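So that you can tell them apart, the chains are marked A, B, C and D in the order they are listed, and the count of residues begins at 1 in each.
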Amino acid sequence: MSVLAQHGLSARRAVSSWPGTLVLGLLIIGGWLLLAIFAPLAAPFDPNAVDILHILEAPSLTHWFGTDQAGRDVLSRTIFAARVDLFMCVMGVVPPLLIGVTVGLVSGYLGGVADAVLMRIYDVTVAFPFFVLVLAIVGVLGPGLGNFFIALALVGWVTYARLMRAEVLVIKTSEYALAARSLGFGPLTIMLRHVLPNALSPVLVYAMTDAVLVILAGASLGFLGMGAQPPLAEWGVMIADGQSYVVRAWWICFFPGLAAVTLGMGLALTGDGLARLLR
Amino acid sequence: MQTLSLLVNRLLQLLPVLLGIAIVTFLLLKLTPGDPARLLVGDRASEETLAAVRQEYGLNRPWPVQLGTYFGKLAQGDLGESIRFRKPVSGLILQFLPPTIFLVLYVVSLTVPTTLLLAIAAARNHGGWADQAIRVFGVCGFTLPVFWVAIMLSRLFGVELGWFPVSGYGTGFLEHLHHLFLPALTTSIWLVPVMVQSLRAALLEKSEADFVTAARSKGLPERGVFWRHILPNALLPTLHLLGVMVAYLIGGTIIVEAVYAVPGLGRLMVSSILSRDYSVVQGLTLFFALATVLVTLLVDIATTLIDPRVRL
Amino acid sequence: MLRRVAFAGALALATLFAAPEQAPAQDAIRIASPYQTTTLDPMRSAAAGNIEVYGLLYARLINRDAQDQLQPALAESWEVSDDQRIYTFRLRDAKFSDGSPITAEDVAFSLNRVRTDERSAYPAPLGSVEDIAAKDEKTVVFTLKAPFAPFLSNLDVWNMGVVSKKDVDARGEDKAFTENPVTSGPYMVKEWRPNDRLILTANPNYWREGYPKTANAELLEVSEAKTRLGMVQTGEVDAIRDVPWSEVDPLKTQENVELKLEPSTVIYMVLLNSKREPFSNAKARQAAAHAIDNKAVTQAVTFGYAEPANTTLPGAIDFHDDQHPGISYDPAKAKQLLQESGMGDREVTILIGTSATAEQIAVLMQAQWNAIGLKSKIQKVDGSAWWDLVAKGEYDASPTWWYNETPDPDLAVRWALCGTCGSDSFYTFYTNPKVDELTEQGTAEQDPQKRAEIYKEIQRITTEEVSQIPLYYPPYANAYSKRVQGLRLTPSLQWTLEEATIGG
Amino acid sequence: MSAPDRAAPLLEVEGLTVDFETRAGPVSAVRGVSFSLAPGEILGIVGESGSGKSVTCRAILGLLPRTARVGGSIRFDGRELTHFSEADWEHMRGRQGAMIFQNPASHLDPLMRIGAQIGESLRHHMDRSGPEARRDAIHLLSSVGIAQPELRVDSFPHELSGGMKQRALIAGAIACRPRLLLADEPTTALDVTVQARILELLRALNRQHELAIILISHDLGVIAEICQRVLVMRDGALVEQGRTRDLVATPKHPYTQLLIASQPGLRLRRPRRTGAHAAGQPLIEVQDLSVSFRAPFRWIDLTKGQVRAPRIRALDGVTFALHPGETLGVVGESGSGKSTVARAIARLLSPSAGRVLFDGADVHQLTGQDLLRFRRSVQMVFQSPYDSLNPRLTVRQTLAEPLRRHRLAPPRKIDERVAELASMVELPQDLLDRTPRQLSGGQCQRVGIARALAMQPRLLIADEVTSSLDVTTQAQILSLLERLRAEAGLTMLYISHDLAVVRALCDRVLVFQAGRIVESGLVDEVLARPQNSYTQTLLRAVPRLALAPQAQFQAEGTAHAPG
């Protein structure tokens, strides 16, 4: 026990004293969220409005971020893509998180056969390199966001399950979990009310990193031609498509890239802040 | 002896996993639309030709039969034959393995020193400007798409400056080093931030550990305390992360291999998936599973060398 | 214990790295192509990567030269019977790479494989042949079912190469074409690393004295356009295929690289599925075609390097109708036609594979169709699935391309416009009995003038009925290192590697 | 023996203040502490957690975190330590003054051999070569009483027992013959028999090497064992100091008096029930109970040359009975199986053999409503105050939960009942909406008891409930339990390593060693005339003040007890 803790200094932390990184991170994410929600107001053009006579135009007063290979306004597409990418962050993280947390919780708490079976499934999944499996599944189901999410859910849960199970194994033997058993509560109640809330911190912190990974995986799939279906604007796909014009029209991939980095930064900062807050 | 015991147990545990992987992969592939015969014979082939080719490869038999045949061969240690190239899958994997292993080791040897350097600089300077700079670099390096970094580095150091080749693997050790430098650098730019973050956190945590206070109370100089006590203890979680990453890289350098035209396993995997070369995909997934287990095992052995508490 | 394990591991790694290395490569011409070599058997594949290779490994009876004239190759001379049904070829004294003589029997064996083997990827060029027989050691006789004008021209197609019967019999097909095939062409295989590269070395017994001029060559498979571009700029390869249009201009200013726009028989077009609504309706197809401004599309996609297409056949083939006005860009008319067709409320699926060009075309198309009220959505799938869906007719429209192997239009018509020739008009399922009839007439007729009229008519009908929407005729955009001379890609996708030299 | 006011003190602390900078502003941890230490003297500092005793101690070796601001003066051998540079400290620490800590396990580097850790300071301060340092380390290990030092020098920390770890830590601390040893709660985490031996070692070192020692403890008993003088601290300030004997005999400050009065075994005297009523039906019958844990499963274990790993026996054929209204004590050292038996009775783990009967029914066969009834009837209070409460729930939620689950109160009355429970355990009502982190250890323990009481159980199992609490809090909790037992007629199974506590509270006692009962009987009889040699050892090891015969203290002691 550290000297400080003996004085109860580190234990008592008011909610108001959130770490600065958390505040900054949430501000960035919030900013993108607002932009996404009010995209139709913020974007000067229809993101999918093709203008065949004005392709690859450099940034100008009309088109602040220039136009792309189909004459679409890059600024508008970048703004509208925030919707898709934020949606991707949620859909790419939440289902794997739910699956992983459930698996980790059940296998960690119940142990025995359930644990053995779930852990074998875990072994099978984890033995595939992440990207290969995503690629294979997208190959099976065809490109597109929906299938991408299915692939992520099938693959991404393993990390959450591992994190969760490790926490659960510790909490399971804690005296408050034992106390709950001796109070006559069933496994389900104990898992949901006593184990789950206390085991969630590392999972939440990792979720932030995972969200960045989801955007990156989406971009990589876009590069291999298996990302979001055209003409949907998505940063990763915009960067991937734009890279073949990088000599002629740097703006096509530069601005969505910048957008992705800022959102990634927001997520990373939030993760960092959460880690400190929940420690 | 203990190592051997662990190895045997790991391999035994691996069996059901491999079986599972083989079945899952097989079913995934069977569900995939697309026909290897079509890609083999090309655009102009007629339906009759396609049927003949399917017949030739047994692709028209019911899938349980195909699966049975596959397992039968597998039991004899035969990974089968590539539909595309009519070559043994094991031979193909061996052909593509050296560049991948070289690349992975290259990445590790670029990443590990850099990680140590940056994480130590950040942790010893906790909260200072160096620490902040390293963290900002980390976030940026981590959020940039790999293919973007790869293309930019290739343009800058390959085409513009001409310092490094932009493709291939070369012949001979020195050429490998030269050719794979940019691919390895690209991967490291992504990997280093992940590792630094982990090591930095561990260093900060361990520098508050009780045994560190105890070491200080003996009057050991701060540097000695760091190198002898803080660092070794902080290395363990990062070592595990490295293991996970290396296992991932063995099949996960797809993008880098594509951009730098490295004849590695990732590239073989992608092209096999795209052309529905079932047996190669099967063989590769099994190989990746095996590699993952082996890497984990190596990490566990390394862990026991560092940490006497851990027994194999 | 551990130390020993580590040592053994290090040793294993060392051998792993040491094993595949050969002596440093001599100077060789290296060519990077996005297409992969999957087989060395000329009968077995019509896939792009293999086509490039076959001509380098297997010599044909006759060759087309740079002036588009047919020249004797393995055949020294030939005679045609008066009824135009019997072709007799006299072989020259040539040898396979293993030193054995190339006999009439080998020729008959090779071409009969292509013609009759049920696994033959592209028997169509020999579709008119009834029988091929070796008359003696050096004489081969082709008997046709009926007079067939493009017969000689078809003998230049990439799968007409001669393989060694003796070797195939001895080693069996699998071995004979996977290890080191016995070749009759300018090169033989030094090493084949599937999915990576094919390393060639000169065939010492090649019939053409003094060729190939450069002994060593490598064909590399590089799927990323950017990577190929970087490689030719850094000199890592001497030639690359498929330079992206956006890079053509920047590349022109490069010192050591020469960009060549080489004539091709490629046509970019949009497949319209005539088997199901809405495009089973001719008016709907016409509406779709009039809605597309193919000049603007050509400009946008190829930066003006391609020719806007005016008919359903490639612009570079014989008897192409240059005078045909094409399908006009007329949104008003398109709107009206769509209304007349009664298909205006159908939403169509634009199917594309993972090609950036196809995607760009699809996006532009979608906007132009939207403008006339034709709703569409884009469905993107990988190449394998694309073929699957297209061949099954599970699509409405799909921008894609094809090319013709010879300047003669017959194979093109049979592939893309004839509904009864086995390909369902390139899976558009377009069929018009008149066109089918004209197809047969076109080959029976020997007089070029009359043939021209026949093919003009075919183009007129199919363009007006919009069997496909023609978009543009692009040249091949290839880049070459300036140190290499004499290398080009022919319209039928063959490298003139045997004539290429390094130097200067 | 040695006079506290000897001419040249080794250490003089004057007006020492320590403040920590926090987000919420500076927090004062030590306020104006002054004392001195003569060479070769043993000084005790006693106080509760948070009283500033550890901070004072660390300030002497400059081991406070960077956020600490030290004021006042600390003179060691005439030199002012508060002005020391890092280089000065490196010279001073280990060579002049050394320190040992409460939790030896966490203060040894787990990755380094014992010999190397001891040799570290030798090589740094005395320029010993590797082999020399090793030789010295072996010598040191034997001098702190570690058997087979030649073997142990190459052991890793995890291969040693808790007592051996502390000895190794001491060996490392005295390696360079410092003149001052700071011992911060060195025996708190250790079993009582081990504690006695460590204290003996410290005394021996003090005698042999003229080593001055500052011993910090919350346990006056420990201090009284070996210290000549003692300081009493509270809230960062010194409340009293003096010769141990005088201070214990005639404490002046009320806090010191409270401290002494809180010593278990001094205060609680109550009539014990003899075996008279034990004739009836026992509430709990434990029959030949064994519990074993299986080692992690391996298919084939080449190391052992057998197919299955062996089982680890935690409990081995234990039989006893517990009658209604009785309080049964279970004592033993850590690992003796006393917690295992408690959990097996409460059906928190399954026995591998034997039975537990509750009201004649086999506890481990119960299902459905019977099980629920059993759960209600048997409740447990756990050792660790913080770990036994769900950190995410407020006190109110924690207490309301079982009431709802078992419908022990109508929904409208739940708040009322919660308030009632809180007052039953003397927990202020305004704490009800706090989470455990915002409570003190004693408060948490009260919540734990209240949660158990909410079920109105017939049997209360208390597993080391006071072992991690300060002595004054411990006394309060014990008197609370005693009161509840009297008022609610609870039957109680009380588990403790502390004989004094057992003696204060229990009627009968079972002594556990290595999973077996080695002695049992009425508390007074067993403690007065232990038959088993292990019991005798246990008894001897208890610090004298705690078990001090009433002959010595009772007359004066009770006079001071606040009652």
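Please note the rule applied: a residue touches a chain if its C-beta (ideal position, glycine included) is under 8 Å from a C-beta of that chain, and two chains touch if they have at least 3 such contacts.
In this text the structure is predicted, and so the values were computed from the model without any measurement.
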| item | value |
| --- | --- |
| Highest-count interface - the chain pair sharing the most C-beta contacts | B-C |
| Separation of mean Cα positions, subunit C and subunit A [Å, integer] | 44 |
| Interchain centroid distance [CA atoms averaged], subunit C/subunit D, Å | 85 |
| Subunit B and subunit D: spacing of chain centres that average the CA atoms, whole Å | 49 |
| Distance between the centres, which are taken as Cα means, of subunit B and subunit A, whole angstrom | 22 |
| Residues within subunit A bordering two or more other chains | 2, 139, 142, 224, 243 |
| Per-residue overlap in subunit C, given as positions that touch at least 2 other chains | 226, 381-382, 385 |
| Junction residues of subunit B, two or more chains touched | 1, 13, 32-33, 151, 155, 258, 274 |
| Contact pairs between chains, per stated definition | A-B, A-C, A-D, B-C, B-D |
| Residue ranges of subunit C touching subunit B (in the complex, touch as defined) | 1-2, 5, 13, 16-17, 19-22, 24-25, 32, 36, 38-39, 44-48, 50-51, 118-124, 174, 177-178, 193-197, 220, 222-224, 226-227, 230-231, 233-234, 236-237, 381-385, 387-389, 391, 402, 415, 422-423 |
| Of all residues in subunit A, those that touch subunit C in their complex | 48-50, 52-53, 55-56, 69-71, 139, 142-144, 224-226, 229-231, 241, 243-245, 247-249 |
| Contact set on subunit A toward subunit D in their complex | 2-4, 6-9, 11-12, 17, 174-176, 178-185, 189, 193-194, 197-198 |
| Touch list for subunit D against partner subunit B, complex | 61, 63, 86, 89-95, 98-99, 101, 103, 106-112, 120-121, 124-125, 156, 158-159, 169, 172-173, 175, 298-303 |
| Touching residues on subunit B, where the partner in the complex is subunit D | 1-2, 4-5, 8-9, 12-13, 209-211, 213-222, 224, 228-229, 232-233, 306-309 |
